[in-house]
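Both of the next two complexes hold subunit A, though its partner changes from subunit B to subunit C.
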Partner chain A sequence: MPRIAFNFVRSVGKAHSLHKYNCRLCCGNVRHFASQDSSGKDEPPTNSKSPSDNEVDAIPERLSPDNKAATLPAPKISLDLLRRRQAQKKDQEQVEKFITPEIYPPMGRRSKILDYLERQDCFKRRMVMDIPEFYVGSILAVTMADPHANGKTSRLVGICIERKNYGLGASFKLRNVIDGQGLEVLYELYSPLLHKLEVLKLEKRTDAHLLYLRDALPEYSTIDPDMIAIKHPPGRPVPVNDIVVKMKPRPWHRRWERYELKGLDVSGVSQSRMATVQDHILPEYKKMDLLMMYPRYDITEKDRMRIEREWEVHQNELERTAKKGS
Partner chain B sequence: MQKKRKMATSWCLTSMRNSLLKVVKFSVIQGRNTQIGENFVQRLKACTCSHLIQHRSYYDNTLTSENQKFVYQWNLLKHQFGPSPLKDSPWPRQDWKPGSKRTGLIAVKLGMYPMWTKSGKKFVTTALQIQDCNVIRYVPPDEAPGDDQTGKNAAIEVGAKNASPLYMDKGLTHKFHDACVPLKQRTVLFYVTENSTIQPGTPLYATHFRPGMYVDCCGKTIGKGFQGVMKRWGMKGQPASHGQTKTHRRMGATGGGGSPGRIWKGKKMPGPMGNMWRWTRCLKIWRINTRHNIIFVEGNVSGSKGGFVKIKDSLNNRFENDPPPFPTHYPEDGDALPEELYDEDLHEMLQESIAFEEEEEEER
Partner chain C sequence: MWQRSVLCLARQTTCPLMKFSTTTPCSAIILRTRLRVVDNSALGASAIDRPPYCIHVYNKKHVGKLGDTVLVAIKGEKKKALVVGVRRPGDNMTPRFDTNNIILLEDNGNPTGTRITVPIPSVLRKRTDLSKVFAIATKFV
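Now for the complex of A and B:
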């Protein structure tokens, strides 16, 4: 019996912008617009093998009363081909366009003209140097101009543990353990000293940052400097690595058990410490409180659409120049 | 006593009248009861002391709400068409010569912006936007309120950022009407030499300056309120323990003994801190955006975002080698400038990534 791909229930963007906060009212798997953070908080498919995660409790097409296709005979193709086509269609539906996080301005009273100029400068730099799509948890190799190094460039391979800041000041941290010594380097994305940014492995993690790797066992931060790039097939969704990391014995740099992080193993923390955790975490009802969220959601729908439109125009420009060059 | 009482009642009446007027004005703007509103205002004016009342530059309250909107917009625009050609013939423009001083501008602080030099060094700049800057009047040396240090210099009054006529005192609007410019939120007097006269009404742009010039910027520092002596003057205070009774952040001694027998004037004491105009000198201009009239100046400038900043030429500029646009930049002269003007040491984002060249090995 061939498994037919169920349609995802799409939320209509125009309906109301706060729909994403009410997502529990509609059926579980609802698609929202690309949100500000590119961490694994959204619902792309994970590495876990349970099939029920990616299916929707929607009415399948063939059973709906208006569907005339139910009366037509099934097409004559092999089962394998059908399954492959369905898998492809599913992947295509799930892949959302990547919008780099550093073009969304932070909260506060800001000059829109200045933010616009900063974004334009970011796009100009991207025309000269390719800044690929990457997330916290991806493995990168950065080649940077260094006046004191041999060949005047230095290359560092590491796992991205943090991405910060808006516009030209956007930065990311790479972590690696070299000869037993942990090493973290902060790079500025738009610095003209950066020559090359290669993504050796494109993946996401379940947390917005991986600063806890400092207190985790070194094997989780060790990356081979001569690692060969694992090519990510275009059009496929970015995989989420839901690995749970084992920690070194205490003391830690921070009380990671209080941070609501999914990627680390807090089983070793004593009961007395775990009891205090609830004091530092917002209760569920406060997380769903719209009035609490509203002043934090500083960017209006109109501005967000404008920024995304600028990104689109920039991407088209890039494609056009790439075609011309090739 | 009687006089004081009279003043008190009149003050009470004016404040009452003003608050009542606000209510009346609101309802009038809504378009309701215009007749009643007018009568009420007239009666109120008659019974209170009119000599103490501030005369606001209102427009006619008998308009409908749609017309009021139109009149509001028109009021902001009506003087933006440039100086009236019939008012005065164009003033002659003189050339720069060593020792000339030109006018400054008033800008609005937008925020901060990172930049890189051609050697790869990162630094931070402050973005200052020139919003609706116009010359309000030229004051000849005889009338200028100079002091002994500046000598008898002429002065130019510059105004920035168009203001709403509804919220400006009518008595202050005459100088803007004389110059045929919209009402401005802030005006500043800059001392200039006699050869840098500019006709009132001339618009001033960011291209008055050029990248590579040095400027002094004056902004109102962020107010800290009433502060103690340790924060305000950096005094050391007293130890936290070892017998100190109720004395940890105090001034301590105030001065000498029987002679002089008093505290010297200017003694550092607690008081209001911040919210004062302060100059930051010799800031280099790295970039100018001619389309939005934004100047990018190296380093920090006092004040918060959206605050006014006075900008003028610094004393260390070497104008003998490269004279500035004098007395200001007139867009109708010469070719149109490109949208972005960069300093030669600045790395532009469309340029190639910076690479260091391999040095040849020195012969031993």
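Now for the complex of A and C:
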């Protein structure tokens, strides 16, 4: 196959670095020139051997202006082998392994290095504090540092209504009704103020968020603060609670009937309002639009596997340290 | 939240009341914000049919936050009150309440009631001048 040399005259360094990922014409064997002023240097800037398109690199090659390869410890295994391993694992496991959602970067043009470093910081925190698996709809008990409280900590029990953000900024909202007063607290998962996160009841709901609980009858948000944890047997799939919540009379904080939520009862909404709902719901072809889909699908398969590999490595390290301790 | 019902004369026979909201809701505590009294004072308990509303906020911006003193109109009289819970989200890790809660205060700053029935945000406790309020509080969140 003839080697095609690309010499970009007008492209800026940034655009050039993305060429390898964006250009459909190039295959992996092509050598990309570093800059428009080719001073006789034909060799690719970083590695001695050009990468094949089968290899999964831990980090992108072009990192710094002086073309030094970053010494980030990441295993180089062929994509085929990785895929085979994952397929094997899937056959062995009946349950899909939980991968925490905040390690998948959001849509858009982002610095992969910064994302990688942020993920590593997240894993470092997880070595110190156990952040369990939980979903929107799970019941949690959060113990937080509080200088004014008696034992210098305060505990709040509630139902998780939302999970947001990437990396160290990852947050979740807990809702509860205490003494007839509904309240919500937004906790940052990786904040050093969080001492303990217990999952009292591990379950999922049919919706991505439960913000409508503010307008639902208070019984659906009331969690007993002295509730005993319900242990989830390992290896069992996480149960999905398909409860349909009854709402308070209108007005609501938002027009929930327009949101396509499965967990709330919109039977009380008037016909005239329901008629306008279709104008606000995306048509099927727009829903299939990849750009508008859940951020996870914006990541290339290569990057997604890389992230999942990092998570695997971290989980193995956790297990190792747990075994050492015990 | 509250919708002003407007009498539509043209549609009186078919639909006597046409309800639509005319102002965008403001989640901060400002002039005319309706508030909920959460202590066990007699005045607070009696003002059910016409909820108390804010007529002045004692700070520079006149936008009330947690811990601010406000002047409320309650049962035809003016009374000072302390904001102990807001609907507008504040700092992370601090609670956001479903209602804007107040406790009534005397002119000297002492609370009118003897007990606060709902939880109070723990972050308020760094305010040392509100020690009398914390003495009557039952639960901190």
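The rule we apply is simple: the second predicted complex is superposed on the first by the 220 of 326 C-alpha atoms of A that agree within 3 Å, B and C clash if a C-alpha of one lies under 4 Å from a C-alpha of the other, contacts with A are read in each partner's own complex, and residues count from 1 in each chain.
Here is the rule we use: contacts are C-beta pairs under 8 Å (C-beta built on N, C-alpha and C of every residue); 3 or more make two chains touch, one makes a residue touch a chain.
As the structure is a computational prediction, the values presented were derived from the model and not from experiment.
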Identify whether subunit B and subunit C fit side by side or clash on subunit A in the overlaid structures.
fit
In the superposed arrangement, which partner chain does A:Val313 touch: subunit B (first), subunit C (second), both, or neither?
neither
Is A:Ala87 contacted by the first partner subunit B, the second partner subunit C, both or neither?
neither
Figure out whether A:Leu183 sits in contact with subunit B (first) or subunit C (second), or with both, or with neither.
second
Give one of first, second, both or neither to describe whether A:Arg214 is in contact with subunit B, with subunit C, with both, or with none.
second
A:Pro251 in the overlay: touching subunit B, subunit C, both, or neither? Say first, second, both or neither.
second
Partner, of subunit C and subunit B, that touches more residues belonging to subunit A:
B
Given the touch rule stated above, what does A:Met127 touch, subunit B (first), subunit C (second), both, or neither?
first
Thinking of the overlay built on chain A, is A:Leu193 touched by subunit B (first), by subunit C (second), by both, or by neither?
both
Which value, in Å, gives the least CA distance between subunit B and subunit C in the superposed three-chain arrangement?
10
Would you tell me the residues on subunit A in contact with subunit B in one complex that are also in contact with subunit C in the other?
146-147, 188, 191, 193
Spell out the part of subunit C that touches subunit A in their complex, as residue ranges.
1-3, 21, 38, 85, 89, 92-99, 101, 117-119, 122, 125-126, 138-141
Please give the residue numbers of subunit B that touch subunit A in the complex, ascending.
110-111, 113-116, 120, 122, 127, 129, 289, 292, 294, 305-306, 347-358
If we count contacts the way the header does, which residues on subunit A are in touch with subunit B in the complex?
109-111, 113-114, 117-118, 121-122, 124-125, 127-129, 145-147, 151-153, 168-169, 188, 190-195
In the complex formed with subunit C, which residues of subunit A make contact?
144, 146-149, 154, 156, 171, 178-188, 191, 193, 214, 251
